[in-house]
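Here come two complexes built around subunit A, the first alongside subunit B, the second alongside subunit C.
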Partner chain A sequence: MNINLQQENGLTRATLDETRLDASVAPDFKAAMEDIIKSGNDQLILDISKLSFMDSSSLGAMVAVLKSVGGTGKMVILGASGAVLELFKLTRMDRIFTLTDDMEQAKQHF
Partner chain B sequence: MNILIVDDAKDMRLIMGSIVRKLGHDVVEAVDGEDAWEKLQNGKFEAVISDWQMPRLDGLGLCQRIREADFSHYTYIILLTGLSGKKNILDAINAGADGFASKPVNLEEIRIRLLGAQRVVTLENDIAEKNAALQEAHDHIKKDLEAAAATQLSSLPAPLRTESIRTEWFYKPAIFIGGDTFDYYLTQNGCLVFYSVDISGHGISAAMLSMSLQVSLGLKRGLYGGPVTRERLEEIPALFASNLNKRLLEQKHDHYLTMIFGIVDMHTNKLYYVQAGHPHPYWIRKKQNTVSAVEVNGFPVGLFDGAEYETQMLQMEPGDKFIIYSDGISENNSVINQEVLEGDNLTHHFDDIKHQSAKEITETIENKWLSTEQLNALPDDVSFLVFEFDNINKKEG
Partner chain C sequence: MCKLSIDSSFSEVRLASELLYKYCETHNIAVDLQGQLELMLVEAVNNVVEHAYLEKAGNPINIELDMVDQHALMRITDQGIAAPGSVMIEGSELPNVADLPEGGWGLCLIQALADNIEYHRFPERNVLTLTKRTT
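Up next, the complex of A and B:
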């Protein structure tokens, strides 16, 4: 699971460097993100603009990541598009997650 | 070890034989490669010590034959080298030789070479034993899974044949057994209750949950909040999803599911359903001659506490078809245009077959959209359930 981290002014930008997120890699994704959050990165912009496919089985991992950010933390999802964005809408996850496709807008949420 | 000594010179066989016996091994002698090959067929030898140049079949040729053969055990090969030069050694290694001993032979060198042979043979035997055990376990699991797959398939409903509604389905799991399931049943008051479910993840644990749901969804009144009466048709689907959501969250596992659950009033052909994160169903309307995905969204079941659900109602007309399916299809490219079977492309595919009967539609999906190779290696379970509506017959039920 390739996730690149950049920190700036207390914000962490986690860029998912993968094109697919499905049942076989979702546990790795979840574990890697939980490690990132546990090590103090709870003001998080998760950039998933490279993802072109995501299945409903990996939504659980996304939700688990959101839960582990906790009450004081915050996570914004950047760059969901195409079939990935459709899945967020289909499952109403667009109401649970904060989604944006613009980095400047993402920063406004903090 | 049982060792085969191969040399065309009788005196060399005698010297080597006596050395090897002295080192505590059993010895059989062969006069050339062909003779050795015959003896290898009839006995089990852990190691072969062979001369290089011999009539009929030389040491290199013997090496090649042993390596090409399908012996149940490993045969360690030591070649005796009078020949020198890198090329010869390389040829011998390529042919499958494990070690070399130089001529004239001496006891100390043979002792060391055979120690190496012993170590490799022990290791190879160990691996062979473990492989055999793994193979046995693998065969056992495979057989079990195949039996489980047959059980799962047999739990799926037979095509429904009433005067006003017919159903057909296509189901193919990714690995023997799947997390997709569906079912339908008629109530005594003329309603058809149905659902299509996709459990998150796939494999055994998803399949077990899918089977246990298959058993409980139709029977447990608790999920329906009371009997299925005509007055409650609008209430039940959303309530069912909400109750199932609570139940799954109470259970201590990580699975959740996407689902379409619905009820058709067979007196009116009104279809009430709840969309819980499942792909948008397709509605083929005969009179309008249209195909469209019904774009209503909803939360998956078992992911959030307190998720709210809504019941949708569609009025089905004679000749209309309603198709529900899981998202597994969207991981496959169509054989027809090599594009992913999702979104607009999937709609176009259904548009091309909108005149087909439910039965023909499931056959087209299996035989025209997907290849045999794809069907044998699906990344996720693929399931389609097709309802075909006809004139209402109020006598039914």
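Up next, the complex of A and C:
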């Protein structure tokens, strides 16, 4: 699972360097993100703009990651588009996640 | 018609997507619709791996993709446990978002995206047929 980290002013940008997230890799994604959060990165922008496909098991992993962020942390999802954005909307999980397609807007959520 | 047989493993589901990409290219299916078809197919095959075969590898899943009267047709056949037929056709309610669910969306997504769903249980065989209009 390729996730690149950049830190700036207390915010961590985790860029998912994958084009597909499915049931075969969702557990690895969840474990990698939980490690990142446990390392103190709980003010998090998760950039998924490279993703062209994601299934519902991966959405479940993303919910688990959101729970890991906890009450004092925050996670914003950056760059969901096409079929990935449609998945959030069809499941109504766009009401739970903070979604944006603009980095500056993402920063303003913190 | 495009056909593929994969093993009952989540790591093989990617092959079903690759078959779909070829199918969409052959039939000039737009990217937005391709995304919806891929989600239908992947969720359906994931369900077979998870529920029909209880995540045990070494069992066949046969996938057929066809175009019939401007409808994309997906037929998924397995030899696993029978699904509750009414649930397959009628789907189920979306999990409550306030509960922060981590699953339970598969059938709801298939039901939301497919124009028609048919499920038949034959002796020792499940056949799920999904169709979606392409124009």
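By definition in this document, the second predicted complex is superposed on the first by the 110 of 110 C-alpha atoms of A that agree within 3 Å, B and C clash if a C-alpha of one lies under 4 Å from a C-alpha of the other, contacts with A are read in each partner's own complex, and residues count from 1 in each chain.
In this text, contacts are C-beta pairs under 8 Å (C-beta built on N, C-alpha and C of every residue); 3 or more make two chains touch, one makes a residue touch a chain.
Given the structure is predicted, the values throughout are model-derived calculations rather than measurements.
Placing subunit B and subunit C on a common subunit A by superposition gives a clash between them.
By the document's definition of touching, of the two partners only subunit B reaches A:Lys89; subunit C does not. In the superposition on chain A, A:Leu5 contacts neither subunit B nor subunit C. When both complexes are overlaid on chain A, the residue A:Ser56 reaches subunit B and subunit C alike.
Touch criterion met: A:Leu66 reaches subunit C, while subunit B stays clear of it. In the superposed model, A:Ala23 lies in contact with both subunit B and subunit C. Touched residues of subunit A, counted separately for subunit B and subunit C, are more numerous for C. Common to the subunit B and subunit C contact sets on subunit A are residues 22-23, 53, 55-57, 59-60, 63, 83, 86, 90-92, 96. Within the complex formed with subunit A, the residues of subunit C that make contact are 9-11, 13-14, 17, 31-32, 35-36, 38-39, 42-43, 46, 49-50, 94-95, 97, 100-103, 105-106, 108-109, 112-113.
Of all residues in subunit A, only 20, 22-24, 52-53, 55-57, 59-61, 63-64, 66-67, 82-83, 86-87, 90-93, 95-96 touch subunit C in the complex they form. Contact residues of subunit A toward subunit B in the complex are 22-23, 53, 55-57, 59-60, 63, 83, 86, 89-92, 96. Subunit B meets subunit A in the complex at residues 198, 200-202, 254, 256, 258, 277, 279-280, 297-300, 303-304, 327, 330-331, 340, 342-343, 379-380.
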